[in-house]
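Pasting a structure here, questions to come.
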Amino acid sequence: MGFYQLLPELFVLTMACVILLVDLYYPQKKLLLTYSLTQMTLVISAFISFWLLNTPVFIGFTGNFVRDNLSSFLEILIALVTFITFVFSRDYILSRGNMARGEYYILGLFSVLGMMVLVSAHSLLTIYLGLELMSLPLYAMVAMKREDRNASEAAIKYFVMGALASGMLLYGVSLIYGVTGALDLHVIAQSILISANQSYTVLVLGLIFIVIGSLFKLGGAPFHMWVPDVYQGAPTSVTIFVSAAPKLAAFAMTLRLLAEMLPALYTQWQPLLIVVAILSMGIGNLLAIAQSSIKRMLAYSGISHIGYMTLGILTGTLAGYSAALFYIVAYVFMTLAGFSMLVLLSRQGFECENLEDLRGLNNRSPWLAFMMLLVMFSMAGLPPLVGFFAKLAVFEAVIAVHLVWLAVLAIVFAIIGLYYYLRVVKIMYFDAPTSHELISWQLDMRLVISFNSLALLLFGIFPSALLTLCHNVFL
Amino acid sequence: MIEVIKNLCLGIVLAPLAAALIAGLLGKVIGRKGAHSITILGVLIAFILSLFIFNYTVLDNFGPFNFNLYTWVHSGSYKFHVGFLVDNLSATMILLVTFVSLLVHVYSIGYMADDPDYQRFFAYMSAFTFAMLMLVLANNFATLFFGWEGVGLISYLLIGFWFTKPTAAFGSLKAFIANRVGDMGMILGIAAILTYFNSLSYKVVFAHKAILLNQTIMLIPGLHWQAATVTCILLFIGAMGKSAQMPLHVWLPESMEGPTPISAMIHAATMVTAGVYMVARFSPLFEMSQVALSVVLVIGATTCLFCGLLGIFQNDIKRVIAYSTLSQLGYMMAGVGASAFSAGMFHLFTHGCFKALLFLAAGSVIVANHHNQDMRKMGGLYRYMPITYVTFLIGALALSAIPPFAGFYSKDTIIDAVKVSTIPGATYAYACVLLGALVTALYTFRAFFLTFHGENNVPAEIKAHLRESPWVMTVPLILLAIPSVLLGFVLIKPMIYTVPGLLGGSLTVVPQFNVIAMMMPDFHGALAMALHAGMTLPFWLAVAGIVLAWYFTLKNPGVAVVLKQRFAFVYWIMINKYGFDDFNQIVLVRGTRRIGAILLNWFDMSFIDGFLVNGSGRLIGWASKIMRHLQTGYLYHYAFAMIIGLFVFVGWRLL
Amino acid sequence: MIALSNYLILSAVLFAISIAGLVLNRKNLISILMCIELLLLAVNTNFIAFADYLNNNLGEVFVFFVLTVAAAEAAIGLAIVITIYRNSHTITTEDLDNLKG
Amino acid sequence: MFPHILLSLLIWIPVLAGILVLMTGGDENATIARGIALTAAIISFLLCLPLYLLFNANSYAMQFNEFLPWISVFNINYALGVDGISVPMIILTNFTSLIVIIAALEAIKYKVAQYLSAFLIMQGMMVGVFVATDSLLFYVFWEAMLIPMYICIGVWGGKNRSYASIKFFIYTFIGSALMLIALLYLRLQANSFLISSFYTLDLPLTVQILIFLAFFAAFAVKVPMWPFHTWLPDAHTEAPAGGSVILAALMLKMGVYGFIRFSMPITPDASLILSWLMITLGLIAIVYVAYIAIVQTDMKRLIAYSSISHMGFAILGCFLVYSILRITGNYHDAYLSIEGAVVQMISHAFGSGAMFIGVGILYDQLGSRLIKDYSGVAKTMPVFAAFFMLFAMSNVGLPGTSGFVGEFMIILSAYQAHFWVAFLAASTLILGAAYTLWMYKRVFFCPVVAGSGVEKLKDIRSSNLVVFILLAIGVIWIGVYPEWLLHLLHASVDHLLHISIQQRL
């Protein structure tokens, strides 16, 4: 039966239940046990996924489940990213009393489970289930800071839009099902190939719904409206979570739906993605300029990154997919580092949310300023940081399919985007600090953020390993 | 032999350079005495070695020697060297340069005695000698240009020697810029040479000069010009800058802001004559273009007369001499323009001596008067400074071309050469140089009478200290007075009326322009020429000039005042120097600044930077602000945006 | 026998109504939740109709899952609405515009 | 020495030293930071010696090659090598960096470690630009250099530093971003990022022109050519003295280097067709910008504009090649102009770099860069004034100084192309003298105004004196014996010219 292929998912599920019980019945100070168990779970699941890496592709459980390199790789990353997220969450929720509950981790774990299901889903049903399992805890987590009006507002916006999007996705799924009579991705792909022109219109209609549903989760324009509000409104530790790991899962979903299920409709979805990519890059970069809240700015910057990533997918080539994968991985670690920095700079009674709060960071903590500088320049796509090679990879893929104009347009938007990244650096380095309060010294956070940021540099100087990995995932 | 010459030349050139470097860099270490000793030693070495060279080259007639020291630039087809050409022309010229320089160095010990920047001054002077020698000795255009600009630089530095004086700072800048205008022509001329000959070496260029005959160049569409003409005129523009020919003469009067020894050496005897030297040096090229010669002649003659006229109206003793220098440079140019290259060079040599003499004598007067240069506050000085008086008189007589002083021979030769010349413009030029003789005598003796004769107007406190200058200043005067008397008499035959002559094969004259050959039959020796002077117009004009000067300054000064009132307009033009300065200041300087300001403000800052660069920045910022409003914060708008997206996609892909 | 297309049209109409409700309703969050339920019902209708038409029970299976998820969704949605009410004493959609721009 | 890793050492020693310096932390350890930085700079400069000695100037081939696969997926390699054009640039880079670091020893007192580290890292990146033979590696160094420069202008700059630094960054990024697209396109055709593999591509004319324009965007901004020059005065004015020196002496040169290394050999036909445009822009830079320089009131701005004007010569020198070739038909005639361009690049580095340091010295003492705040500085700072005069004269292009050689070679070449081109180019003799010496007159000459602070100025000493002496040696050495530099160039220029004039259509 190959149950061991399911091991990471099963493990996380079991542990989530165990931790739920522990948290309920074992009284603890500072949630230490819950926290450690959660982190341990993530680490172990990552190891299990790692162990499953490079095993032959397994499709089982009546075609609902797939274990391939993409899924294992993304599962590792999801676990890792969540691990980092939780490192930054611990102090954050402890110092904000009403959030300090075990549910935070448990919800997070369930969401991770949803993501894992999503990345290894092989049928429309599992995709839907994974998607919802991932999203529902997220809605709750956004609203966890219960007395915060903005958090609730963000939650309801996220929730309503998310529900709408999954409704659309479902509608598309139902149409595809109606045409092909199947839910298994490969079966659908096969039957579309065989009966090419039959019900083409319905197929395309379904495709459009599916594209909208999946791009919504990624946060591509014009389905991006929730992103800035949620990122800004949610507690920063949740923002890290929302902005990072789910993107990996959503990326996998998009790729499975478009590249695995509907490669035959390539000519139909490519133009859609081109539009989305251009809009995302444009809106993301343009609107980020006008922001004074750094969380919101990073949200818009995230939208633009999704646009660049989409460039890779829309090529419809393996090189493009691997470029997109590389991009999304790079993006996730950049955004992780960016938001983590905000957590690190916040303390009880002070949330580092506005650009102004970074003023003169170089005077207060040169090291952290330097880390943030790396993040910003990586996001801007400057060598020798990983963000540059991410952009390079997608541009390369786009030019390879003779969409040079698109690459030029993307570059133009990158130039516009450069401005606001530079502004962050400017605020940190060139402006005099307004506050001289010491920055709290949490070794774990500092270590993690240093590793994270230096990784951006390291993978920028030696991108080959990661690039090759992303490349091999699709072989 | 050539090795010996090479080493001699190196010695000549490097001795002043080394002296200059030591005096300049280690000035504080070696002190004032050390500075003047080392530089005088350097120039003395150069002078002595020049004598050897002169002996070898001119008297013993070995030579010419042409050699390269090292390759300066080698690029593709072209090789530019640093090298020397020692022939009669350059050998004679370096003798003059080192001689005058030596005397001026000695003289400066006295003149500059009270100056705090003593060492710097001597360093500059030695450096100037170096640059001038490079200019003279060059065997190719690149080296020539090095010396050419080098003397310009040091002239700039020396005019601005007392840089805290605003007028000195202004004068130096003006001198440099005016020279640069000429140099621009010069460098284009050099570029033309390279284009036509693929080489900058004199030897190659002169050997292949026929190349120029078949070439034309189209500067304005439809108008073909002789390559020779264009090249020569471009080079001549360089000469105009350096030799202060109209309209680039404006800097020379300003250069009087420098110390007087400098005026004597640089702005009278040596540097300013470089233009004449260059035209003579390139006589093979100039001879190929009648147009170019004509231009040289007309400009020279014009400068000769009109700058001389200005000298009459000056009250500053140095400025009078400065305008006289301009006028005499005009004579030289007219001479070479008339193809009497040897006559031009002849005047260059004699003028170098008597003008240096005049300046140094004037300097002596100025020192005695405690740096007052206004002649109206002098007068009757002959009683106090007899040596200066006599030497000044000798200089003045030489300048006024009274036989048998040096200036008579050289100037009369030029006037005769212009008279017999047949190239276009010669008649006009003749009129100019003829009147120039009158004018020269007039302003020279006006200055002479005002300074040394008449009523003593020296302020009382200075009068008490009036006395003759120290020997370091008077000895050079005497040494210069000797050639000012004799040089013409001695040199006229060997230099002008002998074939091949003192300057020998350095000069080329084609038969149809050879005015000297036409004058040859009328020459019967130097003495005869002096005796014959009474029969010639220029002599009587000069005498008339002296008499007029005497009449207006000593006999009846009131007439001058009446004339001034009667011809107020002419006087106004004259004291404004024909308006050249105002024109430059208002049209060129202010115009340039205006253009610059317009380009800067309207184009660079407003259009490119303001509109295009920051404009696009602003546009993006504006778009960003506008688009922000799309994100209204209302849930139903967000949903609506998604639906719009849906409809657009559906409509686009399915309809 | 009612033709498949009629079901599809019905579901499309339901879908349209729910979306219209989402877009046009500016007052009450609860009705937005209801619209979302309606949206899922439209999808369910589709699935059932297709399953019946194709003679394939996968669609029906899917419907069960959708219903379950919808229930969970409604629970979370209502919980969020409650926190909103606690914080701002209103559940009017129009008032939720703190986050914008 | 180790020829096989020499180039890597040249790149990475400064970078590693930079990191080391950065780790010394705050200003309490400034002395250590200074020591490390100076040592590293001296070592890298000394490493140029084996580079120069072991370099075979008779071969056009890339030497000291290093080749390691770097990013195999895209076939990007860590490929280094130098030819006769890059060797002088590398020596210049290390020399200038040494100068800047010596000059910073005294002048910089705030965040010393960060300052020195920024410059060391920049130095490594700049060497990288000149030694990379893989175009993407080139691009990485090209862009990476912007970051420390941005920080440098922004942290240690003047009042308007934020604006200037962001403008500098975005401006240069715009250009290079387009270049990236061109590189990616070329790699698609050549299946390799090696620059040499681009030389053999036969591209259709339209493509060539587009690629030329993309490269043009990158290099023209860097040079900077009119009308892409407006970042430079701002950046120069606001940057600290060291930043201005690096900008003027090295970064601008990269634009010209790019034209010689990329544009001309890769797209020869487009270069030929568009050479008129380049020549025109070069002339505009020479004349128009000189006019603007005349009316500047800020010394640094004035020198910045004069830099633009001088770089116009370098551009002119590069693209005159095509006109000369058309007229004389002998490509040996074209050497003069392109080698003139290289000499101009090097010589300008000395002259303007030194002048920027000079203005920095004045600024440190009086806190003003405005010409009108000074008068009679020569009275109180005679040694400084003497050096400044030398550098000003180099800027004016006086024979015997380095500034003359390049201009002379290019003006002479320009005449072969067309009289009026030469005429406009030669107008710099007047205009250059006008703006430089007019400034000199107002700042150094004229009486000292009491109360202006000039009377309290102290003349240069110790480290600044060393800097000036080194620069003065450079200026005079190149001016008197440029053949020392030129002999390195011949073989490589010959090779690149061959490629750059081949018709590929």
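Each chain gets a letter, A, B, C and D, in the order it is written, and its residues are counted from 1.
Methods note: a residue touches a chain if its C-beta (ideal position, glycine included) is under 8 Å from a C-beta of that chain, and two chains touch if they have at least 3 such contacts.
Note that the coordinates shown come from a computational prediction; the quantities given were computed from them, not determined experimentally.
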Task = Sort the other chains by how far their Cα centres are from that of subunit D and give me the top one.
result = C
Remark   = When B-C and A-D are ranked by contacting C-beta pairs, first place goes to A-D
Task = Work out per-chain C-alpha centres and flag the one nearest the whole-protein C-alpha centre.
result = D
Message = I'd like to verify one number: the distance from the centre of subunit C to the centre of subunit D, where each centre is the average of its C-alpha atoms, in whole angstrom.
response = 65
Task = Could you put a whole-Å number on the gap between the CA centroids of subunit B and subunit C?
result = 97
Key: Where subunit A and subunit D are represented by their mean Cα positions, the distance between them in whole Å   = 43
Ask   = Just how far, in Å, is the C-alpha centre of subunit C from the one of subunit A?
value = 26
Key: Residue numbers of subunit C (touch at least two other chains)   = 19, 22, 32, 96, 98-101
Task = Note the residues in subunit D that touch 2 or more other chains, in rising order.
result = none
Ask   = Out of subunit B, which residues touch more than one other chain, so two or more?
value = 628, 631, 633, 635, 639
Query = Every touching chain pair, please?
reply = A-B, A-C, A-D, B-C, B-D
Note = Per the touch rule above, subunit D residues touching subunit B in the complex are 167, 171, 227, 230-231, 288, 291-296, 330-336, 339-340, 376, 378-379, 389, 393, 398-400, 404-405, 408-409, 411-412, 414-416, 419-420, 422-423, 426-427, 429-430, 433-434, 437-438, 441, 444-448, 481-483, 486-487, 490
Remark   = Within their complex, subunit C touches subunit A through residues 8, 11, 15, 18-19, 22, 29, 32, 36, 39-40, 42-43, 46-47, 49-50, 53-54, 56, 58-59, 61-62, 65-66, 69, 72-73, 76-77, 79-81, 83-84, 86-88, 96, 98-101
Footprint of subunit A on subunit D - complex, ascending = 22, 25-26, 69-74, 114, 136, 139-141, 143-144, 146-147, 150-151, 154-155, 157, 161-162, 165-166, 169-170, 173-174, 177-178, 180-181, 184-185, 187-188
Remark   = So, in the complex, the side of subunit B touching subunit D is made of residues 70-78, 142, 145-146, 148-150, 153, 156-157, 160, 163-166, 168-170, 172-173, 176-177, 180-181, 183-184, 187-188, 190-192, 194-195, 198, 217, 219, 592-593, 595-597, 599-600, 604, 608-609, 612-613
Residue ranges of subunit A in contact with subunit C within the complex = 124-125, 128-129, 132, 136, 139-140, 143, 146-150, 152-157, 159-160, 163-164, 167, 170-171, 173-175, 177-178, 181-183, 228-229, 232-233, 290-291, 296
